[in-house]
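Pasting the structures here.
Both of the next two complexes hold chain A, though its partner changes from chain B to chain C.
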Partner chain A sequence: MNNRLKVLRAERDWSQAHLAELLGVSRQTVNALETGRYDPSLPLAFKIARVFEQPIESIFSEEESNG
Partner chain B sequence: MTASSPKNPRLPRRLLVAFGMGAVMGAVGYVFGRTILPQLIGPDALDGLNLRWSDALAALTGIALMIGAGAVMVISLDPRRLARMYHLEEPASPEEVGQARFQAAVLGFSGFILLLPMVFVLAGLAGGMAMGLIILLFALHTVLNIRMWRGVDELLRRTTLEAATATFFLGQGLLFLWAAAERLSLLPPLTAWDVYAVLMTLYLFVSAVVSARRGLA
Partner chain C sequence: MTRTVKRILIGSACVSVVGVLLSYVAGYAVGHFFSDDPEGMARFEATVGPVVLGVGGLAIMGGALWTAVAWMRSIDEAAREAHKSAWFWGGLAGMSLGGVAIILSLLPQASSWRLPFTFFGRDDPAIHAAIGAYAMLLLMVLGYSVAWVWWWWKRR
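After this line comes the complex of A and B, so read on.
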């Protein structure tokens, strides 16, 4: 799964702590999401979409398969 | 710019170093117990205690848990170091420091409980009283674990579940193979303590790997 979380956060000049507070998660989770180490649950993905006021599919996208 | 889920993220160097140190500690402990210890306390001093390989494994795992907890406690004294450990942009907040210390305390407590049955045997404590104390501490440990579970977010819960799942599949595979060999009279029977020591060692190893892959170590 690909995501644009880091770009969206940078565009708004938000800190990891601020985004974590808006999402109700830890900074570790924000970091894991931004570095692609963790794919969020569906409720968290919806929350992220609400916070950034964008549809989920513009934030998250499927990885292109090599085959 | 996008982030993508790494297919096979490399384990952090510090985790590999920790595993290496654990292996060296185990080897040193084994050599010490085989060669130097009998000279210090007498060759027959431990004969009546019925010590098994699983005692050594459980002791190594219990001590590793306590050392890990101690390391987090020391790192948490400096919020910048704690933030570096968790790959965070800014120093850890007092709340994050408190959470890290609580999690480390529960981890260290797990190691302490794991060591207790062997400590009681070595100290020659009465069975019923020792078991009563273990049950009491186990109940306290369970309460702390539930409190920790309720206090963390979905990343840590997912990490815990993944570690538990992987441990189950690895553990049941090993147990099946041993049980089959035991049934065929190829291997000696295991005790509950043997199985538990292997299970906890597996869980420690697997949860360290899973946490590292999620950027938590």
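After this line comes the complex of A and C, so read on.
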């Protein structure tokens, strides 16, 4: 699963710690999400979409990251 | 570390310290009460001792279980996933290693094997069973620790 978490966070100039606080998770979890090495549960994915005010499909995509 | 996790850790530590202090005071009081009566002390140890230890053991296990449940509920989903994965893979690896010892112990020639050490100065069937349980626990916890570190290392 690929995601745009890092880009969206950078656009808002948020730190990983701040995003973690908004999502109610640890900074390590935000890091694991951003690197695409941990796929969130549906409830967390919905929460991420709410925090960034974007639909889930614009944040997460099925394609594997090439980077 | 979230505030809830900190509260659980501090609460568990406080309860543990109070429990140890109370046990120490109770032991001291019993020793003082029976100081002039060694036979009474022996009777107390033989009858009340196992009950106190059993109840104390149950309380410790109950407390540990409560702490574990509270801990699991307080951490986020990735941390929970790391623990689940670590217990499955690490615990499985530890059990597999311990299983080798169990199979070896079933061999006929194992009946003549003796432990090269004593445990708390004891060398009886109960302590042999305890050593087996400790060894299995140790292997599972070791496996768990390695698997837990590996899970987070892969997702750093």
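The working rule: the second predicted complex is superposed on the first by the 63 of 67 C-alpha atoms of A that agree within 3 Å, B and C clash if a C-alpha of one lies under 4 Å from a C-alpha of the other, contacts with A are read in each partner's own complex, and residues count from 1 in each chain.
FYI, a contact is a pair of C-beta atoms (placed from the backbone, for glycine too) under 8 Å apart; a residue touches a chain by one contact, two chains touch by 3 or more.
On a predicted model such as this, the values are computed, not experimentally measured, just so you know.
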item: Joint occupancy of chain A by chain B and chain C, clash or fit; value: clash
item: Contacts of A:63 with chain B and chain C, given as first, second, both or neither; value: first
item: First (chain B), second (chain C), both or neither touched by A:54; value: neither
item: Most chain A residues touched (candidates chain B, chain C); value: B
item: Touching partner for A:17 - first (chain B), second (chain C), both, neither; value: first
item: Touched partner set for A:3, first chain B, second chain C, both or neither; value: first
item: Partner chain in contact with A:27 - chain B first, chain C second, else both or neither; value: first
item: Partner chain(s) touched by A:38 [first = chain B, second = chain C, both, neither]; value: both
item: Single chain C stretch clashing with chain B - from 8-16, 44-52 or 80-88; value: 80-88
item: On chain A, the residue positions that both chain B and chain C contact, one per complex; value: 24-26, 28-29, 31-33, 35, 37-38, 40-41, 44
item: Interface residues, chain B side, partner chain A - complex; value: 1-6, 9, 86-90, 93, 96, 99, 152-156, 158, 213-216
item: Of chain A, residues touching chain B in the complex; value: 1-7, 15-17, 24-29, 31-41, 44, 61, 63
item: For the chain A and chain C complex, residues of the former touching the latter; value: 24-26, 28-29, 31-33, 35, 37-38, 40-41, 44
item: Interface residues, chain C side, partner chain A - complex; value: 2, 75-79, 81, 152, 154-156
